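To start, the structure under review is shown below, and the notes come after it.
Order as written gives the chain letters A, B, C and D; numbering starts at 1 within each chain.
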């Protein structure tokens, strides 16, 4: 408990007993929040951009680099908005991406390898975790979602490719298979067959017209960064929207059934939405 | 020459734009609209270096990054060059070219290349600076001297610029958070 | 413990799961089919007809290879609901990567990528070399995935893989000279080390924030307008430091990697084309006059009119559709055509009964009644062509001439369910 | 789960007495998690043993014995037990919820958070563990029925389980806590109804696969109903305001004045 903590507790006006209770509540809320962030981030990413993250032979220069940041910044921005607006806690983005990474690795071992015997090299996931850290850091420094969208979201989109290329480059070395030149990633995809995934189903780069060295990857990265800005603002708004605490107006019958209206005509209005701007 | 090299080095990685070649006084290699060229009097030849085992079909101009098996191909741009005998000699850049044979590394006797392309290969064992001497024409009237380096890792100043950019961004945001903090405190007081 | 055992824990789990789901445990017989029974009958009878399919062996050890080869014919009367085979991919149907693919060819061309513009009405040869990886009893089918029509599954045969999965390795040497000892684990440790590093940084950042009085105290502090307490100056420094660390690590790591792996290629996505096998000039024309399916009798009856345009007498040897082969039992050369190792459940015992089995003389036109009777029509759920949008049936007829030469012809047309014809079946 | 709450609480005592007893009992939550973990682990082991063995061909007798029976057993079992919990919560509701004292209300808020711990835990298992497990099944096996071994576990076991806990949380809140008894809280409804709609969304999903798309691309627009319904989980933000806001006031009321020594 450093000085800052004591100052916060003093300002909060809680008795020593209440402080203990509030610490218990902290632990419970962290658990609930962790489960929920993990679940929502995983199901959201799974069905919006999952395929590119499942297989190594889907990680191309056009769609993988574009789609993964776009589909993950959604929940990162929303959870960031909730925890920043309510408690000034800039951990929403990092928690979302970290828990997504943990969840993904669990499934890669339990299901892809455990159930269907796929080697892990076929199903290594990428991650936008470094982008999420930058998103949170810029939010702390700028304290404004506008600046975070402009700087943080751009870096989020740009950082995905280099931060994952560090450990994915080896999979794109050339190798010969049946006389043709192919990449190690294609060879892995070919060697370990997937009945439900024929080769033509891959939505990957089917031809580039202007290749100047490895710039097509950076073209996709910049486009992704550009799209991340708008998605960041859109889902930050959704996060703020989710912090509304209105009640449906209900008649007296409802209240009497639920025992809410026992005799005292409590006309106390619902809780004021305490959402600071 | 140095200006061209520096300009290319500084500009290249950061902006990724192809720089127009600086004035090449006497046939030095220069990037001209993304083509590495050497001048032979009124004519030009296109210079390309490959190191297939190391980096496949990547093309190099004046600095061949690694040691080992290297293939260089020079393609005649103007058709007249195809009818002239062309002699190629690669020498180690030791400064004195009095006894050429001592420092010669590769020598192609004069010969006309109908296909217009002059390939040669050599396995460079020690890094260092080399000079290419290409003479064309019946009396060898067109001479081109182009220095190039092998195995000397190019200094990428550009990337240090990137790190500098990171520092500037972080510092800027940090100072911005200070002003935001002061405005917040002032608002509250 | 091998992969399967580590997760399967077969002994413990059978009792546990049975206890939990209150099931009696009867001894099951292994399922022979794998999902192809659900494919619509018009796809199984009028798209791809597999023939001359052989499996090199039924018993292999881990790392040994097994080869499935044969030919397939693309039916002219391709159903409308399935898209034409503009884009197809030769694959195999097996549960997960229990067997790995070593080589696959269509007409001798390497088929790692998809094949484009297969011609309807023509034939192609295929070859699929697989390698045993996980011990077990696996059903190996060739499959032609057609874009828009889904997987069209060929005949399947059991392959027993013995040995232990741990011995399986896929060594590869890249063109840049890097020797990979096992493709299954290549690069995984590197990914995990780097991502663990990223995760540690993230955990540190999260713990830095949640170790302080969190929910109600910060809520009250905001209510009282004391936000300045919640994000202190040190937090700004930590955030700026984090930003620098992340960017420097990524830039330095990326630069090092691009230098280490200079020569990289993007994912290969081209498709290939191949000419079909040479087509012999039509030797016999077959016209379907009437097709009926006797529902109680489980018998498909085709009244066809055959014209022998070849120089030598022809006899009907085999009728094949949906991977089922009805052989004319009385024609030895047809019986010889069935490889002894061909899966028994795909060759119905009753075979093909022909109203007039005498050879059709050259130039002669004859009406014939072909009867294919077997329970397989039901068990393979092929009878749902009677209750489907497109109630047409199709199949391949194989004729044998005097010299034992085999000729093929397609037969297809509408089909009508019949319930009264039981007596006729015994008579003729 | 919430038995100790129902006993009628003695008249409000001096807050110092409340100081002794702890506000939150972790044991019921631990038991709940343990049970759920056992159920999920045995489902996974069951899949491990019988999914590829007998689950590949929906027409085979083994499929009927091992998988259809499981389907016919689990759906009534889970929704049945859910019904029991709901009716229990309903009939033991507090008829006079507006009259409870601050300490009981605070204790009930802690119990509500306990219910959320169960609800989010069960939602996590389908969204992450079995959800991507379904992707493994689709990518490796030829789809031949809507009731694949993976769907029988994901949609007809895990989804009903979290619906049980979702509706229980909703019922607990509306029958025990004054703020929620006065009206339906928008975020609470969103957080319970949204994920609950994932089950009917299956209809759209199967319609698409039956008529329209035979090859399995997991991030195909046909599947986008699931993540969008998953986003309703963001209503956690609104719940925070309602729950934390009220608890902050109760902490002051029950906890007594902040002693200056702190």
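Keep this in mind: a residue touches a chain if its C-beta (ideal position, glycine included) is under 8 Å from a C-beta of that chain, and two chains touch if they have at least 3 such contacts.
This one's a predicted model, so the numbers in the text were calculated from it and none came from an experiment.
J.: Write down the chain pair with more C-beta contact pairs when C-D is set against B-C.
T.: Result: the pair with more contacts is C-D.
J.: Of the chains present, which has its C-alpha mean closest to the combined C-alpha mean?
T.: So the chain sitting closest to the middle is A.
J.: Using CA atom averages as chain centres, what separation in Å is found between chain C and chain D?
T.: Centres of chain C and chain D (C-alpha means) sit 38 Å apart.
J.: Centre to centre, by mean C-alpha position, how many angstrom separate chain B and chain C?
T.: 52
J.: From the mean C-alpha coordinate of chain A to that of chain D, what's the distance rounded to whole Å?
T.: Each chain reduced to its C-alpha mean, chain A and chain D end up 22 Å apart.
J.: Hey, how far is the Cα centre of chain B from the one of chain D, in Å?
T.: A distance of 65 Å separates the two centres.
J.: Where in chain D do residues touch two or more of the other chains?
T.: Touching at least two other chains: 48, 52, 136, 140-143, 215, 244-245, 247, 251.
J.: Counting only residues that touch at least 2 other chains, which ones in chain A make the list?
T.: Within chain A, the residues that touch at least two other chains are 9, 12-14, 18-19, 22, 25, 29, 86, 110, 114-116, 118, 138, 140-141, 143, 174, 194-196, 198, 201, 274.
J.: Would you mind listing the residues of chain C that make contact with two or more other chains?
T.: Residues 7, 93, 95-97, 143, 145, 147, 151, 175-176, 215-216, 219-220, 223, 226-227, 236, 239-240, 243, 247, 251, 263, 265 of chain C touch two or more partner chains.
J.: Looking at the complex, which residues from chain A come into contact with chain B?
T.: Going by the criterion above, the answer is residues 138, 140-144, 147, 151, 174, 212, 215, 218.
J.: Name, in rising order, each residue of chain B that touches chain A in their complex.
T.: 16, 56, 169, 173-174, 176-177, 180, 184
J.: Would you pull the chain C residues touching chain A in the complex into a rising list?
T.: Per the stated touch rule, the residues are 3-4, 6-7, 87-89, 91-103, 105, 110, 112-114, 133-134, 143, 145, 147, 151, 165, 170, 172-176, 178, 180, 183-188, 190-191, 193-195, 198-199, 201-203, 205-206, 209-210, 212-224, 226-227, 229-232, 235-236, 239-240, 242-243, 246-247, 249-251, 253-254, 256-258, 260-261, 263-269, 271.
J.: For a test of understanding, state which residues of chain B touch chain C in their complex under the given definition.
T.: 53-56, 58, 156, 159, 162-163, 166-167, 169-171, 173-174, 177-178, 181, 184-185, 188
J.: Write out the stretch or stretches of chain A touching chain D in their complex.
T.: Result: residues 6, 9-10, 12-19, 21-22, 24-25, 28-29, 31-33, 35-36, 38-40, 42-52, 54, 67, 71, 75, 78-79, 81-82, 85-86, 103-104, 106-107, 110-112, 114-116, 118, 194-198, 201, 203, 238-239, 242-250, 254-255, 258-262, 264, 266, 270-271, 273-275 of chain A touch chain D.
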